[in-house]
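Two complexes come next, and they have one chain in common, chain A, joined by chain B in the first and chain C in the second.
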Partner chain A sequence: MKRESWVLIAVMLLGVPLSLAAQGKPLTVTGVRGVTFGAVLPGVPRVVLRTDPANSGQFDIRGPKGGPVLLSFVLPLRMTGPAGALMPIVFGASDAGFSSTQSIGSQVGFDPRQPTTVIFPSNGNVSVFVGATANPGTNQRAGAYTGTIILTVTYL
Partner chain B sequence: MRSITKLSLVVAALVLTGTALQAQTNNASITATASVQTPINVVGAQQLNFGNVFPGVNKTIAATDLANAGRFDVTGQASTPVTLSFTLPATLSSGGNTMPIVSYTGVHALLVTQAGGVAFSPVAGATPTLSGTGALFVWVGAQVQPATNQVAGVYTGSIVMTVVY
Partner chain C sequence: MRALGLAFSLSLLAFSLSAQGVMVAPHAVFIDHTQRSGSVLLYNPGTAPVEVTISTIFGYPTTDSTGGIKLDTLPRDSATSALAWIQAFPRRLTVGPRERQTVRLLARPPIGLADGEYWLRLIIAAQAGRVPITGLGDTTAIQVGLTLEVRTIIGVNYRKGPVTTGVSLSNVRAQVVGDSVITRAKLERRGNAAFVGMIRETLVDSTGRVHELQVGDSLVRSYASPVGVYYTMEPRLASAIARPALARGRYWLRYEVVAEREDLDPKVVLKAPAVRDSVPIIVP
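== the complex of A and B ==
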């Protein structure tokens, strides 16, 4: 292979990260606020809407300016409580919301159970809000329950 | 350029590319939290007892009759409203014989002494609030109407109270 060909290959390969980096800021994801159900009564489902400013979950993302990004969640099926007690937690088809203005009042709902592609705004700053429903049984053991919600963000 | 140098350059480029692509994914987590309150517990503490009944003579036990009215004891989350509903028999049975039971009455109170009790209709149910210690007491009375030819025997029936938040 000629020297020019090797140089071309190297430039092409090196060009990939250079072009991605040129899209904007490094990709960062921050868990801002958890989903808070508060006091839950046995046998009474508790719903937290993604538009609830106090109790909905929130992630802030800094990323590519104007770029397509894939959002995917790892969602718990149950919350864990005292002595290993479990309580179902359910996520509906519109329990996640994407805000290109980082405003809880301006969201586009999407299904957190499915990977979703969104377009970042020109400043590269967005927020994702999450709601859910806790379904305690009628004989649900009293105590504190927790579950972890993971949001993975990928440049496309 | 020597072949070994060319190869090193390509490998380095691949490594750099791979590193850069890996950096295009990031994640974070948040926690969902809930505090489950005390479950409801209901105990049938005292039977509704009509005692001796004579054929053709109706007998009524008032819900305020602490000795003979039926009583349920409820415990749950302090200061929390609950809904009471009842399954009430229309007759008492003794073998194949039956005797009508009608005119149910109820009282719920935060103290077992029935102080401050509130009358209600078991047919309609009620929505009281548990006490500051999570207690509630519910009494049920009714009237039996034995026929003039009512067959002698011990007659029984089940009253079921359901409590939900």
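== the complex of A and C ==
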């Protein structure tokens, strides 16, 4: 089959414009799932492990085989709740994990507070998982608390 | 049969693209002085519009004191910065579901710009990459969650006139720590353009027999790590030693830096001579 036919198949199936494919290999960063602590009790820390399949955060990254990227996080120190109430949050030295198979059960832990270099495997797909610890105070105000994790993927 | 297999694989890929995110192509931009322009395509594979903000910074990869790679965005060495004269537009755009948009890069280099390579980095911040958390509707309890945002940074290299590159290698160190080989080496760029290539490490015993290394689930004769040397760097590399563990004795770590990259178009990878060194490793 001619090369053009393969490209046409890809375009039809993916809906990816032909000119996009012609530009070179793309890089895609996707936020899949936020970190969910759910309901917490005043004064009781709540830990979400990066291996928690339901509550850990997940990013998927797709890039060219053998390509190097630098992963760096902007992590919140606290979460904001009702009427400006705050709740501390802590990220430990092993609260992030990288999986070259995109399996949550097969991770290499790393410190999300430090930049980490990753090389895309043969299929170009990797996943990054994140956990954290929320520390509600004993008199923490009721309501919803949120914060934002920013993942920056730098192609090296 | 191969076509069916490919079609099946691509259909799986299409399914996975339904999550939020933005696709950026290419992952590295090279602009020639004779063209003075470039473009980056953004594609939204999701079902919701993506708010994209484009910005530029000057920076290049370097290493910290522990050998970790970092993006140095300090303004020194600004002679190689193209930040002041390469502009990206639009700066803000919305990419609809299954739509694409083009970001144009226009260079207005100063008169008398010397031959060589000039750099900047393009930051693509996608707001649709923000993934909401669920279950925060109950205000009588304490509900907690963290949302996600994503940013992508790609390099833009502007080349004027004859550009050359190369790398020198010195101070190679290697040791076995646990089940890994840890190396450091000093790499200094030559010429007037960044060295883009690969570090290859091979572990051999005293008879010259190669001891395999492990990358993921695969066994390899050489561990390869892509590298971009913009000025000087001293990367720390760790490669896993395949089982069985090394017996006591003397080994050699062959360290090689070559101008090859499988993730880049060979046309943009500047040719340069390979550099090599070997250092002994003693396993007590």
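Here, the second predicted complex is superposed on the first by the 132 of 156 C-alpha atoms of A that agree within 3 Å, B and C clash if a C-alpha of one lies under 4 Å from a C-alpha of the other, contacts with A are read in each partner's own complex, and residues count from 1 in each chain.
Going forward, a contact is a pair of C-beta atoms (placed from the backbone, for glycine too) under 8 Å apart; a residue touches a chain by one contact, two chains touch by 3 or more.
These numbers were taken from a predicted model, which means no experiment stands behind them.
Visitor: So, A:34: does it touch chain B (first), chain C (second), both, or neither?
Guide: both
Visitor: Touching A:53 in the superposition: chain B (first), chain C (second), both, neither?
Guide: In the superposed model, A:53 contacts neither chain B nor chain C.
Visitor: Output check: A:114 vs chain B and chain C. Expected answer is one of first, second, both, neither. What do you get?
Guide: second
Visitor: With the two complexes superposed on chain A, say which partner A:43 touches: chain B (first), chain C (second), both, or neither.
Guide: First partner only, chain B.
Visitor: Which chain, chain B or chain C, is in touch with more residues of chain A?
Guide: Looking at chain B versus chain C, the one contacting more residues of chain A is C.
Visitor: Answer with first, second, both or neither: which of chain B and chain C does A:147 touch in the superposed model?
Guide: both
Visitor: Based on the superposed arrangement, let me know which partner A:76 touches: chain B (first), chain C (second), both, or neither?
Guide: In the superposition, A:76 touches chain B and chain C alike.
Visitor: Between chain B and chain C, whom does A:139 touch in the aligned arrangement: first, second, both, or neither?
Guide: A:139: touches chain B, not chain C.
Visitor: Shared contact residues on chain A for chain B and chain C?
Guide: 1, 6, 9-10, 13-14, 16-17, 20-21, 26-42, 46, 57, 59, 76, 79, 81, 87, 89, 132, 134, 136, 140-155
Visitor: Using the touch definition from the top, list the residues of chain A that touch chain B in their complex.
Guide: 1, 3, 6, 9-10, 13-14, 16-17, 20-21, 26-44, 46, 57-59, 76, 79, 81, 87, 89, 130, 132, 134, 136, 138-155
Visitor: In their complex, what parts of chain B are in touch with chain A?
Guide: 1, 6, 9-10, 13-14, 16-17, 19-21, 23-40, 77, 80, 164-165
Visitor: Please name which positions on chain A make contact with chain C in the complex.
Guide: Residue positions touching the partner: 1, 6, 9-10, 13-17, 19-21, 23-42, 46, 57, 59-60, 63-68, 70, 72, 76, 79, 81-82, 87, 89, 100-101, 114-115, 117, 119-121, 132, 134, 136, 140-156.
Visitor: Using the touch definition from the top, list the residues of chain C that touch chain A in their complex.
Guide: These residues of chain C touch chain A: 2-3, 6-7, 10-11, 13-14, 16-17, 19-28, 39-41, 43, 45, 61, 68-71, 98, 100, 121, 126, 129-155, 216, 224-228, 261-263, 265.
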